[in-house]
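Look for subunit A in each of the two complexes below; its partner is subunit B in the first and subunit C in the second.
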Partner chain A sequence: MGPAVVLLVVLYAVPIVLDGYYSLTSDQFGGGGKFVGAGNYVAVANSGLFWRSVENNAIFTVLTVGGGTVLALGVALLLSGSFVGKGIYRFVIYLPQSVSFASGAVIWTWLFNAQNGPIDAALNRVGLPGPAWLTDPHLALLSIVIMSWWRDIGFYMVVLIAAIENVPQLLIEAARVDGARRFGVFRHVTLPSIRPAMLFVVLTWGLGALQMFTQAFIMTNGGPVESTYTVVLKIYNDAFQALNLGLGAAEAFVLLGVCIVVGVFAVRWFSRGLEHT
Partner chain B sequence: MGAKMRAPATLLTATAALLASTIAATPAHAAQPVTITFLNTGANPQVIEYFDRTVIPGFERSHPGISVQMSTVDWGDSFTKIQTAVVAGTADDVFLMGNIFLPVLVSKHGLYPLTKLVAKWPVARQLNQPALHAGAWDNVQYGVPVQLDVRGLIYNKTMFKQAGISAAPTDWAQYQADATKLVQKSGGQVKVEGADWAIDNSVGLAQTFNLLISEAGGQLFRNGKGGRATFTGDSPAGTRALEYLQSFYKQGLSSTSFVDVGSTPTPVALGEAAMEMNNAASFSQASPAVAKQLVMTAPLSAGPGAKPVGQEFVNKLGIYARTKHPLQAWAFVKYLYTPSVLSHWDQMLGEAPPLASLADQAPWNKGVFHAMVENEQYAKVFPVELQSTTIDEDLTRVVQAVIYQKTPVAAALSEMKSMLTPLLK
Partner chain C sequence: MRATTTSRAALPPAPLMAAVGEGEGPRAAVRGRAGRATARRALRVAGRHAVALVVALFFLVPMLVALVTSFKTNASALTGDVLSLPSSIHLGSYGDVFSLGGFAGFTKVSVVVSVVSTVVQVSLSTLAGYGFARYSFRGRTFLFSLVLLTLMLPPTALALPLFLEMLHFPLAGGNSISGAGGTGLLNTYPGLMAPYLVSGFSIFLARQFFMSLPDEPGEAARVDGCREWSVFWRVYRPLATPLIVIETLFAFQTAWIDFLWPLIVAKGPSLYTLQVGLSTFQQEFTAQWADIMAAAIVASLPIMLIFIFGQRYLRRGIAWSGGR
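Moving on to the complex of A and B:
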């Protein structure tokens, strides 16, 4: 217990306390900062770009986690049970998980290239106009969502397959005896039984999405016209490019607050009635 | 400009200058063997091999007792890496800095003052003087220029011939007229840009705006009393520059779909644009077939008969303020100015050398290298401020909104002024 507590304090509590401290100073990276009270938080509240980033992050999180969970669940349902070659399918879908986000982002930047990328080339070949995936402000964020699905669905699929395959066969049989069809079994037996796994998926994926950085940094650097600017990209630019550590720390503290609120909300939402399942 | 840091920096500068004058009396060849570290920023594989096999062994042979350990970082990560290393006290003894690094590193007390050492260095007099001046801040020399990223007009002569254009454009009106003839569209989409304006995932558009405003006779910043800069981009020249840039996208002569993501060749190097303002890197990035079609010439003027105006970015060598071996580090810096070393190094990077004596020697006396050296006469050094990293990012975002037709020019200039004024204090 002792060493675990020490690790928790060193790895989590100390950085959070330090972040809170820096957020109240005008530290410019390298010391010499003065106490500015809530000055950095006022600057955050008045920053149009920060709120644009929050909006982008919210859209990204809803699309990535909402759409991604449905896709991962669909794939998990298709690939659970026994049939020939299921291992190969699972392996192929899980494979992108072994690619780092940075490498994946570079690959997808090329795939999405509107001039010489293979996706648009294929579309052009069948007579369809290739969209400007990463350079159209209306499409860029969606393109990053697609890349993120590709990268993460495999992992969450595995989590959900494990949960689905652990649903007691007895319950499924009982439901069928009671006249439930396939969708009815899924709706009334499978889904409630895998609720803890769903909580894990939504919570970890959601918190990751709120902190999205690598894809936006590599694929678009927040553009075009701020359409993919995210909160962590703003924190990075303010703290490490503009050297305004105080402002970056305040933004990080706000993000921490958002993550806590979202986390608590998700836990409560998925825990409703959990004891009955 | 830099007023806030002047007071604390003065004491440090004086101390470091005293240290510099003390060590200047000691021999460069250390009694005890020492190792100095060198961060060769932006080195491509060719450069790494050249340094590993030729430059460093050559230096170590001529300076017994001093060995050099080289590491590299790409330009994209270099600013953050060097800056955090300076703050953490772990920076390399010698490092290669980009155009905008110097003021920030000076403000973090990260750079060793070189004024006295440079004053005694004969090579300094042969260096491109505006570039040498770009290595000074508050009248103290902190960096020495080693590469000049000189921009000129690059065009594809085959595309020119196909479009019936016989000579390179020299002013804005000709450039736009030629771009109209050169653009190739299919189904309403631009397939080959008439002119490319360096949209990238970095600050290319800020650089483009600075070039155009210079050509239009204005400037982004003006230094006032006490060295403080003010934003002057909202001048008639700024309006003209931004309207000119916007018109290319409005008229479909250029396209926002052409984005240089850093690791890919520029649209001109790919044969996807007919003209651009760039350095010789486009030639080295291009396939041999496309490279043969490229020509570099003088930058543009805003009107007929006016002098062309280009821009350059100065890469500088700096010495870490807290190095334990400043004299050995300075010996290594001086060694890199050996004409054959500097010439070969800059040639591999497609950038011009700051040494005038190299201009008559191969490869600087012909082709694209000669054009680059010739263009030095038109080049204005890209302006640098203490908050340049933020300024350039902000400028890029606003200019991007203009070319995407999201923000009118007048509103964009007003937004620039309100964003940048606090950063210049």
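Moving on to the complex of A and C:
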């Protein structure tokens, strides 16, 4: 256990401390950084693009996780219980989990392509106009949301199915005998019983959505007109394109702070859950 | 909830309930109602299949389109009828990916990084989880809370902090003892593997697993004079095969599909993983969609295969982590 804990310190604690330190400098590649105090944080707070990224991230997270959780729950309900062929459906829906984000993003770049891309070709075939999915500023973020649903719903469906099938059958039958209808059983028995799993889904997916990078980098590179710029893409561009490590470090520190606040809340909930097992 | 519990206590046994349900009314009326009920149920099942089919197509079609397109020529993918099948199966795109795209080298890097980091991560996590589950010591709860906290720090948020540590790693890559002057562990295999060497998620899974095992076999072995290490190696490790399979699948997949970390640590194509190589390939071969689809498939193929054969274990692992 010693080595694992040491590595956790080396790979988590030390980087965070280092990041905090470098966020106070004007460090560039090859050194030569000076102490600039809170300068980088002032620059972050005054950066319109940073706040635009925060806004995009917030919209992306709400759409992906909010919509996605409802969809995953719907699919999980559809494919649990006695249903012939549910195994095949589950397998197919889970299959995109085996595709890397980079591959998935590349494939959807082609699907969404406005020149001869398959989705628009299919829409044209039935007489509908094909929108410019990735180059229309009003649609680009939504297109990435759709791709992210495709990639991740299967994972959360499996979590929710496991929880749904763990609901004691006796409770469900008892509610039916009491005259509860299908929706009543769901509302008053299933939903309260799977609350821990729902929380797990929302938190894990939410933390993931706050980090969205690969899709934006590959599919749109933040465009059009910064409508898909995310916080991590901003960190990447500031630190590795503009080579301003200090500024990137400050932005990363802010992002980590948000994650830790969410994380502490999640761990407290988690440990409470563990006491019951 | 309380109301349902009380009524459950008053519930007659199931066969009796069935008899009550069917016992009302004359026999003919029952048969008519049963017929209508059967028809209704058939309709409901059909509706359920229709919805499930539409949902499944949303997940399946993108992969089929990628596969079909990869068998076309670049010209026919760009200007031909995209919704049609290729007239003949054209494997040239896969050739392009390896000969022009340099994917053989990327594959080697991906394999080395994923295999080595998986071996390290699984060994360390299994032992750590075993320690947390089987021994009580001062600070255990605190340390385990820290492990759980790392679950909430996704690798992407840590990428730049970890990059700074690798860049300023003492005495590596021309750095002085204070970590200045050189490039540290950037552009090296250890640097590429760093974030996958340990995983809080895996430690958590291992702890949950070992807590579910009984104490008695270990106690018996100790009475027989086994040392602590033998208790783990001879008694508990053989029982932990499902755990180790799950940890291995997750660790391998995480290392294989990661994008941001290899993108910032590798300075040139000689240390590009497949994911990074794919993104540069896509930029270089603009609009050569057949080639690009072949590249996307090659970059994910190993984990797709592992997934198809190991999905039972993967799903169990997910259920363990979320459902309980």
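The criterion applied here is as follows: the second predicted complex is superposed on the first by the 256 of 277 C-alpha atoms of A that agree within 3 Å, B and C clash if a C-alpha of one lies under 4 Å from a C-alpha of the other, contacts with A are read in each partner's own complex, and residues count from 1 in each chain.
The rule we apply is simple: a residue touches a chain if its C-beta (ideal position, glycine included) is under 8 Å from a C-beta of that chain, and two chains touch if they have at least 3 such contacts.
Keep in mind the model is a prediction, meaning the values are calculated, not measured.
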Which of subunit B and subunit C A:Val189 touches, first, second, both or neither: second
Contacts of A:Val75 with subunit B and subunit C, given as first, second, both or neither: second
Partner chain in contact with A:Ile144 - subunit B first, subunit C second, else both or neither: neither
Partner touching more residues of subunit A, whether subunit B or subunit C: C
First, second, both or neither for A:Ala216, with subunit B first and subunit C second: neither
First (subunit B), second (subunit C), both or neither touched by A:Asn116: both
First (subunit B), second (subunit C), both or neither touched by A:Leu170: second
Touched partner set for A:Val44, first subunit B, second subunit C, both or neither: neither
Which superposed partner A:Thr135 touches (first subunit B, second subunit C, both, neither): first
Subunit B versus subunit C as contact partner of A:Ala102, first or second or both or neither: second
Set of subunit A residues, in rising order, touched by both subunit B and subunit C: 29, 106, 109-110, 113, 116, 218, 240
Complex contact set, residues of subunit C against subunit A: 1, 3-5, 7-8, 11, 17, 45, 48-49, 51-53, 55-56, 58-60, 62-63, 65-66, 69, 78-79, 81-83, 124-125, 127-128, 130-132, 143, 145-154, 156-165, 167-168, 180-181, 194-195, 197-198, 200, 203, 256-257, 259-260, 264, 275-276, 278-279, 282, 289, 292-293, 295-297, 299-300, 303-304, 306-308, 311, 314-315, 318-319, 321-324
Residues of subunit A defined as touching subunit B within the complex: 29-30, 49, 106, 109-110, 113-116, 129, 132, 134-135, 137, 218-226, 237, 240-243
Contact footprint of subunit C on subunit A as seen in their complex: 1, 3-5, 7-8, 10-12, 14-16, 18-19, 22, 29, 31, 75, 78-79, 83-86, 88-89, 91-104, 106-111, 113, 116-118, 121-122, 125, 150, 153-155, 158-159, 161-163, 166, 170-171, 173-175, 177-178, 188-189, 192, 197, 200-201, 204, 207-208, 210-211, 213-214, 217-218, 232, 235-236, 239-240, 245, 248-249, 252, 255-256, 259-260, 262-264, 266-267, 270-271, 277
Contact set on subunit B toward subunit A in their complex: 79-80, 83-84, 86-87, 104, 108, 187, 189, 199, 201-202, 256-259, 261, 263-264, 267, 270, 272, 387, 389-390, 393, 397, 400-401, 404, 406
